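As structure tokens, the structure follows; a few thoughts come after it.
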Amino acid sequence: MSYGRTFPLWRDAAGDSWHAYTRHAFVEGLRDGTLPRAAYLGYLVQDYLFLVHFSRAWALAVTKAETLEEMRACAATVHALLDEEMRLHVETCAAEGIPEATLFSTREAPQNIAYTRYVLDAGHAGDFLDLMAALAPCVLGYGEIGTRLAAEAGETPYADWIGTYSGAGYQQTCHEVGRLIDTAMARRIGPDPAQSPRWPGLCARFETATRLEVDFWGMGLSG
Amino acid sequence: MSYGRTFPLWRDAAGDSWHAYTRHAFVEGLRDGTLPRAAYLGYLVQDYLFLVHFSRAWALAVTKAETLEEMRACAATVHALLDEEMRLHVETCAAEGIPEATLFSTREAPQNIAYTRYVLDAGHAGDFLDLMAALAPCVLGYGEIGTRLAAEAGETPYADWIGTYSGAGYQQTCHEVGRLIDTAMARRIGPDPAQSPRWPGLCARFETATRLEVDFWGMGLSG
Amino acid sequence: MSYGRTFPLWRDAAGDSWHAYTRHAFVEGLRDGTLPRAAYLGYLVQDYLFLVHFSRAWALAVTKAETLEEMRACAATVHALLDEEMRLHVETCAAEGIPEATLFSTREAPQNIAYTRYVLDAGHAGDFLDLMAALAPCVLGYGEIGTRLAAEAGETPYADWIGTYSGAGYQQTCHEVGRLIDTAMARRIGPDPAQSPRWPGLCARFETATRLEVDFWGMGLSG
Amino acid sequence: MSYGRTFPLWRDAAGDSWHAYTRHAFVEGLRDGTLPRAAYLGYLVQDYLFLVHFSRAWALAVTKAETLEEMRACAATVHALLDEEMRLHVETCAAEGIPEATLFSTREAPQNIAYTRYVLDAGHAGDFLDLMAALAPCVLGYGEIGTRLAAEAGETPYADWIGTYSGAGYQQTCHEVGRLIDTAMARRIGPDPAQSPRWPGLCARFETATRLEVDFWGMGLSG
């Protein structure tokens, strides 16, 4: 998936880290169904907490936007996360007897803290673009993984996860976020961002967030 | 209107400032229709810009919330501001030949800068309660003014303004914000906030924001 | 005074606002001694509060710096403001019987709130450069005013004010801040910032802060 | 060491985590000299980066302070970190042929990211107290460890590390930070903080930061 012009460039610049993230053993276990149920549930609980802080990061983006379009796009993502994406987590966990209050009060794994707080700090330390570069690997990586798994997966108990991220709703979010990033880059840096002195720093933000995604899958596997 | 338990206490503590705000000549001009149209339009353009930054402040509240209920309530307010309350401004101005792009690019009046940035800084400097105390005068004061004007106003060209803020949708927002504040206070300070060392500081936040509202009306009158 | 390459460009872009700020009647009153003592003291009390929040803005810059040199330069400015520049205010006011605790607890004028909170929000909304553009008019403008007044002033009771801002210590701070800005611009935008899409936005930050300086002098005069 | 009234309460509430941190195998290796040199140097490089972001967190505290005393105490800590504590790291690494530029550009370990960004987010999400509770385990824990090791250590190549943290300068910082926290608690919560609804949340901040310290030592050992 391309999701715009900037994302493929960031993805290429992330090199092996991107592959390590999107082809992680956890992902392949979702695809072929070999992922242990306990690992999946442990991941889902942590991912619920991840979404709480990821929503905070998208809300931070509203405060750092420069146009009404940027504000509305970020506010819509906060809404999508808090009111839609979390539903998969809440419903799946409820079916396993884990109520939402338990999800919210679970202790965050250090890999979860590292990733979410890194994203939030990227926003506080820098501008809207720094925040977008740190947000992109999760949003768009899940879209890419979901699309591939929907095409490649056979029978797997994790079809609902794959369906969520390959589904039209989530894919539309990815395309909108890709456009949001492209427009924000053009507005602040110009037509050729890769020539800007900021480019290496933005690529580094993206790659660091990607490596923290790898650690997050690792937590899920070992969990 | 009471809008919960905390608001009436803050309002009383604000003393004359509250009266100066809610009974301002600008407000009375809306009620009896004597407010010059040019003053109203000038106010509406500035208030549009106000809502841009006020939305940013509610988005900041999402990042400072401690529970999912707080997060969702604040995110819903961002949505209500960006997608609903601004509509009055956009439609009224459009009818006068002022497009939304003009609204967005208008120079902010210093009274507008003072108020909105004070609220944002209250959030950055303090916690969720400091931010709520600075947000409350605008949200709940407009609800109080709208309700009174709906009861007292005769023929006035500003019936649409009065209808917006006295309407069921806006009043429901006020009741929800009142509850949000009460719950947030109990969660962080306990059952008797007025006995807390934080109480004078929170009252001062509320009163300063109220005085900045008075200046905002003054800006509207002087056009 | 040039204080580096960026500052003269921002100053030129601010047009009449810069003149309105640096040649304000309040400034001329400092120069020729016609400024009423009460106005000066009223200004000094508000300026003390201004420095409190201005120090907070420079501390915010430490959190948004990208190099150790940037961090150290901003931290040194926090120190200079909190421990040196404020001394003029504290000592002058003490000589008039106004203790420091009174300074700290004085009600901020709305012009003071507008300016300081605008600068802080420039930092939170944007990156290090946005914050620098909002900080520059005060730091460097006072350096420019101090230098001119030291050359032009005759007998005036405000020689201590003029001495503070024309003095070697303050002028060195100005030169260092000018270099800090130039280096930060080159690092993030490249060798020709005026060609960047960010340039108009940075100039707008500088000019808005300059206009808020004009209002601050106005407050001092009418004080 | 007690370092005031609040710290011992937080330390007790952290239970086993505090012991796991202050009696970590890395610490005992410093004491008896069995810590491999390579592990020590790897730790020192990461700790240098830690101090960069820890300085940012203390600068954030300046922006969230409510009194001039709080502002000055936090600004002094920024200065102590940037200009004094880092010197041990720079000098020791220089003696091993590692220049400061290499330190600054080293990739941060995930345990480093987790800890520093957690502290910064504690400040952004909450108020001054939330930030203090997240800052305390590092500042005061190192003071406690340094004091114990100075009393217990025999011959060890890490005497300079022990000397830094047991030395009068660092111990004075600890006592000042302890007083800063006590005063800040009294100012915002009152004479009996442990009865406040905020108490469990502040203890949780302290304990999470303590656990992230344990992970940091673990990184040092395995590094």
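We call the chains A, B, C and D, going by the order they appear; numbering starts again at 1 in every chain.
One rule holds in what follows: a residue touches a chain if its C-beta (ideal position, glycine included) is under 8 Å from a C-beta of that chain, and two chains touch if they have at least 3 such contacts.
No experiment lies behind these values; they were computed from the predicted model shown.
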item: Over-half contact-pair match to B-D, picked out of the listed pairs A-B, C-D or A-C; value: A-C
item: Same-site or different-site touching of chain C by its copy chain D, using the half cut; value: same
item: Longest centre-to-centre distance from chain A, chain (CA-based); value: C
item: When chain A is superposed on chain B by its C-alpha atoms, the rotation angle in degrees, nearest 5; value: 180
item: Distance between chain centroids, defined by C-alpha means - chain C, chain D (Å); value: 34
item: Interchain centroid distance [CA atoms averaged], chain B/chain C, Å; value: 31
item: Junction residues of chain C - those touching two or more other chains; value: 56, 63, 120, 124-125
item: Chain-level touch network, classified as line, ring, star, complete or other; value: complete
item: Residues of chain D that touch chain A when the two form their complex; value: 56, 108, 110-111, 113-114, 117-118, 120-121, 124-125, 208, 211-212, 215
item: Chain B to chain D touching residues, read off their complex; value: 63-64, 66, 124-128, 130, 186-190, 196-198, 201
item: Interface residues, chain D side, partner chain C - complex; value: 52, 55-57, 59-60, 62-63, 65, 67-68, 71-72, 74-75, 78-79, 82-83, 100, 104, 120
